[in-house]
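Chain IDs A, B, C and D follow the sequence of writing; residue 1 opens each chain.
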Amino acid sequence: MLRFLVRRSLGAVVILFLLSIVTFLLFFGMPRDPALLMCGKTCTPANLENLHRVLGLDKPIPEQYWIFLTNLVSGSDGFAQGPCPAPCFGYSYHSNEQVWGTLMDRLPTTVSLTLGGAVFFLVIGLGTGLIAAWKRGTLIDKTFTGGAMVISSMQIYFLGPLALAILVYQTQIFDKPAYHDFTANPAAWFGGLIIPWVVLSTIFASQYTRMSRSSMIEQLQEEHVRTARAKGMSRRYVFFRYAWRGSLIPIVTIFGIDLGSLLGGAIITEYTFGLPGLGRLAVESVFFSDLPLLLGVMLFSATMILLCNIVVDAAYAFIDPRVRLA
Amino acid sequence: MTTLTKEAGAPVPAGADAFLSVRDLHVSFRTEDGVVRAVDGLSFDLERGRTLGIVGESGSGKSVTNLTILGLHNPMFTTVEGEILLEGQELTTARESELEKLRGNKVAMIFQDPLTALSPYYTVGRQIAEPYMKHMRASKKAAWERAVEMLDKVGIPNPGQRAKDYPHQFSGGMRQRAMIAMALVCDPDLLIADEPTTALDVTVQAQILDLLKDLQQEFGSAIIFITHDLGVIADMADDIMVMYAGGAVERGTVHEVLRAPQHPYTWGLLNSMPRLDSDPHAPLAPIPGTPPSLLHPPSGCRFHPRCTFQDRVGGTRCVTEVPLLGPDRSSACHLTADQKRTIFEEEIRPRLR
Amino acid sequence: MSRSERHVHAAIAVLAATALVLTGCSSGGSKGGGNDKEQQENAERQKALIEFGDAAASKGPAAEVPGAKSGGTISVPARDSYAHLDPAQIYVFNEMQVGLLLHRGLTGYKATSNDGSKHEVVGDLATDSGTTTDGGRTWKYTLKDGIKFEDGSAITSADIRHTFERQFAPFINQGPPYVQQWLADTPGADYRKLLPDGPFKGKHLPDSILETPDAKTVVFKFKKPRPDLPYALAMTGYAAVSQKGDTKEKYDKAPVASGPYKIQSFKSGKSMVLVRNTNWDPATDPIRHQYVDRFDITFNQQYEDSTKALVADSGVDRTSVSWQNSVDAGNLSKVLNDPKMKSRTVIGYQPYVGQININTSHKAMQDKKVREAIAYALPVSPFVRAYGGSAAMEVAGGIISPTVSGYDPSFDPWGKKKNPAGDPAKAKKILQEAGKVGTKLTFGYMNSQEGQAYSTAMAAGLEKAGFDVQRQEIPAETYFDQVSKLDNNYDIFHTSWGADWPSASTVIPPLYDGRAIAEGAQNYSQINDPKINSEIDRISLISDPAKAAAEWEKLGEYIVKDVVNIVPTAYYKQVQIAGSKIGGLVYDDVVGGVDPRRLYVK
Amino acid sequence: MTSPIGIEGGGTSVIADGEPPPNAKGEDEQLIGRSPGRLMWIRFKRDRTGVISAYVVIFFFLIGLLAPVISWLYGKNPYTVYADERPELFDSAGVPVQPNGGISGEFWFGLEPGNGYDVFTKLLYGIRTSLGIAVAVTLATVLTGIVLGVTAGYLGGRTDYWISRVIDFLLAFPAQLFFIASMPVVVSLFVSPRDETPVYVRVVALILVMWFLGWMSLGRILRGTTLALREREFIEAAKVSGAPPGRIIRKEILPNVVTPILVQSTYMLPNFVTAEAGLSFLGVGIVEPTPDWGQMFSKASTELVMQNDITYMFFPGVSMIIFVVAFNLLGDSVRDAFDPKTAR
């Protein structure tokens, strides 16, 4: 088991390494010369050259990549803007802030958004899914599954603006979503994120409703579940002890993936609600073609995804002894 | 002896000592394609300590019958008519809670594939202990000890340790033993074994069958043994009921049915079964045609579309009139008793030898 | 799920859909919309002139703001964080505002009325607005006594020399180029050749250009007369930088303050706290006050957020005011129509004027008929629309903004004020006469929501007149670099220009001087018209601002009406609101927004 | 579909030894000797929801195809700037002055706040654009999926290993982020940022980017299916009989992976539609004035609309919901039709 996890982690590192290469190459195909950006209004070719030198853009790409890696691992003082301790993604071209610092600044927003949302949609989604499966074929079931079907076909970029328009702009019931530091003011933190949470979790929950229902129903058809019934175990007992356990496996898988990609930046959500999280950061860094930042976000986000995958694998072991003892 | 002119569908008076008595059972499912009559007017009795073997091809309704006895059917889609009396208690109308008290306690079931039939998520011990805790109101500890004891009984070496294992750590045969232990943990009066050995290889089969027999001696419980393997039946059962398309077509003691089968379908079964002592060059004769659709069952004798002896009956009785089955040694066929005897003696037996 | 179940889904889908539609009703018309009469008066009032103040006027302390009290904290919501704090890098409106509190230059604007309309240029660090004996070639400044940086060190001529020499260093690339260009006497960016590395590699400007004979005297020596120097020096971009405190690139995040306030903490993108600078001596400062103890600036506050808070006016919001944020379109009518709120608002023009440049370096565009056709056909309404309607934009007639001396509201040669959607019919006629129907117009636009919106509509309008318009998007962040290339392939594109000081001398010469055509320069239309050039030279020499203004106005009208190298689109406007306990709230025309220097807590 | 017997709550097939459930036997009767395709078709036709959603989906595709015709009959196009043509209908900020986004007999779906495009025609053409792109991506991914998936599954060994690794690797990509980031890059492959970006380039870029991270799931499934098929008797038989791999794949394998392909693509296509819309929403996809579904959403999310004309956002919104729902229902039906045993 442990060996398994270690192996997976190593694999993740390899993937990250490859990813960094691909991303790095990708962004040095960027259409816009970052130096030109920094050069500003009164820019001369000489000045541009100089900037290229400062940014190290004149070096061959492999060398640039190598520098990037070494900085990442051991930090660097080579930056004009100042020292850059490991993990050093360098300084943003646009804001001249340390990339790692910026990432850490934006992280709380994304984490709050994601975890808050996750709590909502897991509880609602799994709950309704179980109820639907328990009451299979009844009106409740049909309402839940039908509703879930429709909602899961909605997009955040529709539901989000809609919620904003109605709750914020038209009725002015809520303030425009914003991130407030939890430690500073929990109430504001909650109030600022409630709409994004609701919208995000509504859409996700609907998917989890469908998933948990169907996987529950599959489980209920398992032979061992029928055996348990044949043993005289009560329906509730079998439902929760036997069927549910098994139904969790596909859900945990999906949840891991969702959580990972959300933690890596809930791009559209953050963009829609103007929340200063990693996703928004990513979009900004693209628009400013801010390579160090973009590279940072990409790798960070990928790390999140891989981490969550590993966590999921670990979770399997708890749910399914076959994995634990294999 | 049989009386072919018995009045249609009349319930046979339940034998006083009949422990389980199924009377004119009808089970049908609603499907999008229409109503499927999986069991259609089935009646049989079973006495304590005896073993009833039910033979028949897939879809003849044997498993359905037994699931229905335990009430393991989905009321949303299923309608059950007729009566199932267990020691005089009516099961078809019994409340879910009532049935739960019976299941695994008075009536236990062994399923075909022990791998899928055991939960991968819990230790074998726990799964055996569960029903004991529930039905015997036993403590966790007591139940566990009982589980270990049962595992020991079914011949699992070092049961104390193995009880802590998960099913996937068991071999196929051991799993089936565990299944049996689980079924017998509350020493049930009726044990329903639904093809318990089909998934196992021959040697293990034998062991399991012996085990079952020994245990039956010990617990004195009645067994309903479902299979499509006449060999196994010969070995296990006291009585045989041959089912076809949701109804019984022939019944009698093992000896009667296997030595002097009366129903063309039974003949077919025997034909299609290879034997060690039979001539290897003699071709096996499978039953022609396919099992009938239970959606639109054939009129008259359900077997007539596949029956090669219709002409012997003469007229259209086979197509129009439903042949009936008597309570004891009997078969549901319009052929006369003599015809049956002669046809078997002269046309079937030679092929079996 | 079973099929029967899916019937239900379908049904519910339909239900949900209809439900959505039913809730989707809205009343027409935007809830914004300004009040044009108001704005006109405003424009009238802003036709003020700015004189150069003498030594007397340059003496501190500044005249008290009526009813001003000392103490308290003002919180300042702002949308954009400050990308630059190094004065030499500051060329952006909101950074200039905070610059007013942090940095002092040789000269500055002193408000001579309490409504922010009248100003004169006075000495700030210097004892007067500058003395010249030879019509503006040589300018002499003497530093005041008791002027210090926040670290307590005195500000000497050495610091001033350093301030100007570092303007040439490569890492200084965002600030205004005027003085550098004048010192090097070259237009465009060539001035950098004068001192490629700035002062940092031991090289310095020769005394023939910048002379600092003693610790208190600074002398600028130009080849040509530069009567506007006092204006130029008043820009934050030329404020003093401490020589020993200069950390080069890092100075941009933590500058050494010389103004009444210093930076206590600055979290980029988050917040900034300004506190009193104890080493600032009011007696030396004729234009600044130090009423409040501290300013709490928080960034990422969108317009509608700050507006909502300020309108609600409760708790800390009562003592808060935004320097940068204006009232968002959605709340404009609410704010302007409620007298109680109106008393807390200020309305004014920003110094910017939008214009469509016609690239006269292209053969096809050199036909005046074509340019006239464009001028007639071009709809300016899309531009106004894209930026929020009449509350935020006012259709422009000429290129001289209402905030600049020499504005004439009645000037409207192409009838845009009457018919902002343009006059394609007339344009078509002209094109047909000239036989130029189907002329290809390559329209470069900024790749932003607004840019896309107005460019598509403008293109549609021009096409109606018979042009063949090719839109080409330009990434927002390289927009100016690209349109200011000499060999760019855009026939028309939009730019806006704000006067750096309230004189058309910071509008017309940089934009229309044919000799200023250079890579990256702002003569976007690349017009080289002898009359314009000669007029620029003539007017530049007029040292009396009033007379100059009148001349600039004439020249401006000549450009718009007779040269037609550009088509004015709109004057930028804004409405700002403050909490009820904010005192000294004034829309300062020179600042182009709320004047932070006068604010106090009631 | 649900089969009759089993414990309450979970329908399950009747018999333990895996014989087909009764209703399937029922079909066997009437469907004796029909090809799987026919069987599927018959089952599908029996599924009312499936058929209805199929009509809806077809309807959308027709709209897409016939957009020019429809708008010609309707007498408007999505490019006319009514805010300048008919200023009286708008205020200075470009918001329709009549209620409900200026819906009227003349403008059925009202006018778009801002430049005042005709919403009806804009929606038609928007659907056209988005569907076109989605279809293209689907085709591309299916092809890739088949090629790589089947190859990996059939050849197995080293090839399989590497293709699988590639799939894993690509799956680790933060997809959405990658889309956004690579769009400008891909565009720059075609045009220098100095020149105009023709619409088709953006389209191609969109297709490429989505294709690049779109094919893995299908590829995996096909690999699995092929892997399973490879062990099946008839393939063995074909091998033994010395048929060349190419032929085996063409004649034996491909026909047997049609089902997963069809089912998967009915699920993938709507995802691509929404993904494309998402990119345009974020401003890296299709831009004005080219009408596009997602771009209408980004318009709908502007303050101007949310503040003043909530009606506008319902046209793209509701139409997309209907489309996606219909498509998912269709997908379910197709799957059931192919494989009646699936119980969900």
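The rule is short, and it goes like this: a contact is a pair of C-beta atoms (placed from the backbone, for glycine too) under 8 Å apart; a residue touches a chain by one contact, two chains touch by 3 or more.
Here the structure is a predicted model, which means the values were calculated and not measured.
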Check A-D against A-B and say which one is joined by more contacting C-beta pairs.
-> A-D
Chain with the smallest distance from its CA centroid to the overall CA centroid?
-> A
Subunit B-subunit C separation of Cα centroids, rounded to whole Å | 93
Interchain centroid distance [CA atoms averaged], subunit A/subunit D, Å = 23
Could you tell me the distance, in whole angstrom, between the mean C-alpha positions of subunit A and subunit B?
-> 55
The distance between the C-alpha centres of subunit B and subunit D, rounded to whole Å, is 50
Which subunit A residues sit where two or more other chains touch them?
-> 31-32, 136-137, 149-150, 153, 166, 169-170, 213-214, 223, 225-226, 229, 235, 287, 289
Hey, what residues on subunit D touch two or more of the other chains?
-> 1-2, 6-12, 16, 193, 283, 298, 303, 307, 310, 313, 317, 321, 325, 329, 343-344
Set of subunit B residues in contact with two or more other chains = 32, 72, 76, 96, 111, 113
Which positions of subunit A touch subunit D when the two form their complex?
-> 12, 15, 18-19, 23, 26-27, 29-32, 133-134, 136, 149-150, 153-155, 157-158, 160-162, 164-166, 168-170, 213-214, 217-221, 223, 225-226, 229, 235, 238-239, 243, 261, 264-265, 267-268, 271-272, 279, 282-283, 286-287, 289, 294, 297-298, 301-302, 305-306, 309
Given the complex, residues on subunit D that touch subunit C span 1-2, 47-50, 52-53, 79-81, 83-84, 87, 90-102, 113-115, 193-197, 283, 287-289, 298, 302-304, 307-311, 313-314, 317-318, 321-322, 325-326, 329, 332-333, 336, 343-344
State the interface residues of subunit D toward subunit A in the complex, per the touch definition above.
-> 6-13, 16, 168-169, 172-178, 180-182, 184-185, 187-189, 192-193, 270, 274, 277-278, 281-284, 294, 297-298, 300-301, 303, 305-307, 310, 313, 316-317, 320-321, 324-325, 328-329, 343-344
Which subunit C residues qualify as touching subunit A in the complex?
-> 1-2, 5, 8-9, 11-13, 16, 23, 26, 81, 83, 91, 170-171, 173-174, 177, 189-190, 192, 196, 248-250, 252-253, 268-270, 300, 302, 304-305, 308, 330, 475-478, 480-481, 520
Within the complex, subunit C is touched by subunit A residues 31-32, 36-44, 46-47, 50-51, 80-82, 95-97, 102, 105, 137, 141-143, 145-147, 149-150, 153, 166, 169-170, 175-176, 178, 213-214, 274, 276, 287-289
